[in-house]
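You will see two complexes here that share chain A, one where it goes with chain B and one where it goes with chain C.
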Partner chain A sequence: MSNLAGVVFDGVVYSSWLFLMAAGLTLIYGVMRILNIAHGSLYALGAYTAATLAGAWLAAGQAAVGTYAMLAVAALLVGLVMGPLLERGLLKWMYGKDEIVLLLITYAAFLVLEDVIKLLWGVESKMIAEPYALPGNFQIGTLAYPVYNLILIAVAIFTGLALAWALYRTQRGKLLLAVIHDREISAAMGINVDRVYLVTFTVGSMLAALGGALTAPAIAVSPGIGVEVIVLSFAVVVVGGLGSLGGAALGALMVGIVRSFAVRYWPEAELFTIYFVMAIVLIVRPKGLFSAPEARKI
Partner chain B sequence: MTADRTEVGLAIVSLVLLAAAAFAPQWLVFLLALALAKGVVVLGLVLLMRTGLVSFGQGLYFGLGAYAAALLAHWGQIGDAALMIVAGTLGAAALAAILGLLLARYREIFFAMLSLAFSMILYGLLVKSSALGSTDGFNLHAKSFAGLALSGGVERRVFFATSVVLAFLVAWLVHRFFSSHWGRLSAAIRDNELRVEYLGASVYRVVYINYVAAGALAGMGGAFAALAVGHVDPETAYWTTSGEFVFVAILGGTGNVLAPFLSAAIFEALRTVANQYAPNVWQMSLGLAMLAIIMFLPGGLWTLVRRRGRPA
Partner chain C sequence: MNRTLGAFLLSALCALTATTTLAQQPVRIGIVTFLSGPAAGAFGVPARNGFELVTELLNAGNVPAPYNTKGLGGRPIELVVIDEAGGPQKQVAELRNLAQRVDYVIGYISSGDCLAVAPVAEELKKLTVLFDCGTPRIFEDASYKYVFRTGPSGTMDNVAAALYVAERHPKVKSIAGINQNYAWGQDSWTDFELAIKALKPGIEVKTSQMTKLMAGQFGAEISTLLSSGADLIHSSFWGGDLEGLVLQGAPRGLFQKHVIVLSAGEPAINRLGTRIPDGTIIGARGPFGPFAPDNEFNRWFRSAFQDRYGLPPIYAAYKATNALLGLKAAYEKAQKAGAATPNQEQIIAAFEHLTFEGVGGTVRMTLGKGHQAVMENAIGTAKNMGGELKMVDIKRYPAEQVNPPEGVKSDAWIKSGFKK
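Moving on, here comes the complex of A and B:
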């Protein structure tokens, strides 16, 4: 029984991390109709920046608790720098093109950023284990789990609630929903669509960087980490329905828990199961679980 | 309008490549063989793109074709290159015929993502199957061609010559297809699918046919690549491989059957140079080139060829 609880817990941890990635991706898609492949690079940038900042913090002889602040700073920094840079510098000039062309453009940005990361940080892997080891372990049955995982879950839940609140309970959020619903009418009604895009993309980038920053302590940050992440978060948002926050949460839970069961009981099938879930969901619901019906345009 | 010189161009290119197969140094043959393999895959992708669909999962059929060819030698003890190519092509076509039933219903992002998912399923299976060498893959060795035993030095040249002949054949078929009933319907579907339905044609069937053809071509390309390299690994099915195909397709453009081959050759040549002199900025140059093409040459490099060939 405790075994099962452990598997579910692992799944939820993984889901939390997936959700952080997927929330940003789905937000950007919902508002801007861009499926952002560069999201993976932003994740990697977040991880690298976090490792560097936390490393510098420790090297300066400060208390290890402060590394948590460094993780948050890394996410903010990457989001605030890269978000506007990508949106204003690149995507702004591309609006109005086909979704698939926009996908290719972000793919190009992804390729460029992958090498930028290699040039900035080299190809050696970076380790920053302190935030992970600091809070110690707790027990589920006979197995010990790092408390850090609980922090990850808490952050994911908090982020999800904060996003939902901002979207559905604030005026700005409602303006955003209006833009999602109909961009042109919103612009005609005087909403500054340009700024909505900028803010959305920045927040989305921040979420990707946050996902990376929170993962950095648990892994060796090395080149190529963004590559796997991006297809995984694609799977999650597509399962949930592109552009739906609730869908991203549900998709993350499904993919996370299925994966953790696969890892426990049938490890050979780990990768297989994730995409299998995605394929099955798309077969049954061609546009994902939480997709709104669309009128056909002639 | 000037007369269509594509068929002449195809014949000339093929003859030059055949001459290269016989006389060019080993390294050039290897490079050209890889480019040709990629070109055949991208030719299939171009078929899809002319229908308005971009697949981010052609690695599925590329990998499948490569493994099908390699497994024939590995398990079946059949080391015949001709049979390997047939196995790769038919294997991929068979899978495409099944998956196509489903995928032909999807469009745009969902088509791209679902095909990506299928390719990642194959990747996941290959990586985890130790019988197939998991992440390392395994070597294959073709000893004969259509029953004729081959001696050590010439085999790669023979394989390459075979791929040239076959590539010529499929390129010519695809060229004819472009101007056929189905080919013209494909372009109409890209423009406005609903109107095509209203005119009484089956969009589903056209997309399906294009999809299966693209899968078969990718499988053939996979078999070519496996024969040229003498090794297969799961990377062939990974999404970055599929991304590379999309890149080559965008680079060349969808205007002509020669474009994928031209663009694949440029791609391979650039990659070789970049590996030699600037391995760290290779992806970056790819990305920047892609952005430049999308912004300034939406029709791909082929528009340059056309502009020159046609009086303004």
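Moving on, here comes the complex of A and C:
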């Protein structure tokens, strides 16, 4: 029984990580209709910035507990700098073009940012393990798990609830939903669509950077970490339905738990199971689990 | 008569000038190593550093004997360095371009790249020295004239690891593995599994985790290994994956509850230090790094590298240096045989079955019809000594004990119980 609980817990931890990435990706797609490949680079930038800031914090002789604040600062910093930079500096000039063109543009941005990362941080990996080890372990049955995993789950749940509240319970959120539904009508009704785009992209970037910043303490932050993440996040978003926050949450949970069971009981099929879930969902619901019905425009 | 004599003298003078000019012309060597992607920091850049440092020292004549002649037989060496990232298809195209710009090629860390470029080097008739890739299939499945490999094949990494485990941990009754899901990880696990089964018949395999390259997060895998009940866990992880496994596994007791073998763990010693728990068994893919023999040549290399880059050289830097030294030894052997500026055919003839002194010990080109190197291997155990991670209980294995004999494939040799 404790074995099963452990497997489920591992799945939920993985899902939380996936959700942080997928939430930003799906938000940006929902509002802007952009499949943002550069999301992977923003994740990597978040991880590198977190490792640098937390490292500098410790090097300055400050208390290790402050490194958690550094992780949050890194996410904010990357989101607030890179979000507007990419949206105002690049994407703004491309709106109205085909979705494929926008996808290629974000892919180009991804490649450029990967090299920028190499230029800034070099090719050596960066490590900042203190926040991971600091809170210690807890037990599920005979297995020890880092308390840090609970923090990751809590942040993912809080982020999901905060986003849902902001979208469905605030006036600005409702304006955003209106833009998701129909950009032209929203603009005609006086909604500043340009501003909505800027805010959405910045929040999405912040979520990607948060995912990276929270992952940094558990991994060696090294070139190429954004590639793996973006592929998995796309799988999650497609399962959940492009543009759906609830879909991203359910998709992340499904992929995370199925993967965890595969790792434990059928390791040869680990990678296969993730895409098997995606294939099954797409056969049953070609636009994902939570895709909204599309009105046909005449 | 006078006219004939004049023409003869003139042509002799021209020939002499041409020879002298050629002898002073730089030798251009194409270097292929990872400069971007996940393998760049782990191996590619340390290897490039090794190439650049030793080239500079060779050109200045500052390498100890027997390599104290300048450059390659007196000719200065010029390096043309290109990035190995991008996969085998790209590397094949890159080699076709590079071959036109350089005299010889040294390179390739990835086994996939080595397998792809070897036949192309042969087709282009370009002397190519593979320096790091591990797959034994290069010379076991094919025969090449223009391709050499001065680094030992990966077979000995896991055979030595299995021998070490059998000797030092005789009570181990079950094993598990966590390896990357591509040729390197799969081959390493297969070699280790076969070798340990040959040494300890009846040993049980609990689980084999094959993770995606650069997966980074191993929470579920670590839980599976912890609950597998295996006495020993084998991993050929490298780079960020290896560091991630240690960072995530050590706090959860993975290293305390199991004997852990990191068959390619040496580069992580500098990176992780005492975060690698005591008792971890570590290999360096040969007698490199902390496993290199404590002789003057090795001390010179370590000190020169440390002075330049601020870090001790990892095995990739050792293997890069050995490839350059091997080429130099072959070139100068061909010179001693009478060719002042030896051509490629003469260098190849000198390279085959060559024995030369490398920075980690003697390199003997005894396999693959004289094109594949063997070296001794060494394995040790990590121990925190005064806040510094040291290798203790180092065991050295002669090359013949950990490599198959000429003409025998590695897997068949291991399955046969290492029959000679």
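Everything that follows uses one rule, which is that the second predicted complex is superposed on the first by the 294 of 298 C-alpha atoms of A that agree within 3 Å, B and C clash if a C-alpha of one lies under 4 Å from a C-alpha of the other, contacts with A are read in each partner's own complex, and residues count from 1 in each chain.
Heads up, the rule we're going with is that a residue touches a chain if its C-beta (ideal position, glycine included) is under 8 Å from a C-beta of that chain, and two chains touch if they have at least 3 such contacts.
Worth saying up front: this structure is predicted, and the values here are computed from it rather than measured.
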- Message: After the superposition on A, what does A:118 contact: first (chain B), second (chain C), both or neither?
- Response: both
- Task: Have a look at where A:153 lands relative to chain B and chain C in the superposition and call it first, second, both or neither.
- Result: neither
- In the overlay, answer first, second, both or neither for which of chain B and chain C A:72 touches. neither
- Message: Per the contact definition in the header, classify A:279: touching chain B only (first), chain C only (second), both, or neither.
- Response: first
- Query: When the two structures are overlaid on chain A, which partner does A:238 contact: first (chain B), second (chain C), both, or neither?
  - Reply: first
- What is the contact status of A:99 with respect to chain B (first) and chain C (second): first, second, both, or neither? first
- Message: Output check: A:225 vs chain B and chain C. Expected answer is one of first, second, both, neither. What do you get?
- Response: second
- Pick one for A:271: touches chain B only (first), chain C only (second), both, or neither. both
- Message: On chain A, which stretch or stretches are contacted by chain B in one complex as well as by chain C in the other?
- Response: 115, 118, 227, 267-268, 270-271
- Query: Along chain B, where are the residues that touch chain A in the complex?
  - Reply: 54, 102, 105-106, 108-110, 112-114, 116-118, 120-121, 123-125, 127-129, 192, 194-195, 239-240, 243, 246, 250, 280-284, 286-288, 290-291, 294-295
- Query: Can you list the residues on chain C that touch chain A in the complex?
  - Reply: 35-38, 40-42, 44-45, 181, 207-212, 214-217, 219-221, 223-224, 226-227, 239-240, 242-244, 247-248, 251-253, 271-272, 275
- Using the touch definition up top, name the residues of chain A that touch chain C in the complex. 3, 6-7, 10-11, 13-14, 17, 115, 118, 122-125, 127, 129, 132-133, 137, 142-146, 149, 215, 218-225, 227-228, 259-260, 263-264, 267-268, 270-271
- Item | Residue ranges of chain A touching chain B (in the complex, touch as defined) | 35, 90, 93, 98-101, 103-105, 107-116, 118-119, 227, 231, 234-235, 238, 242, 267-272, 274-276, 278-279, 282-283, 286-287, 296-298
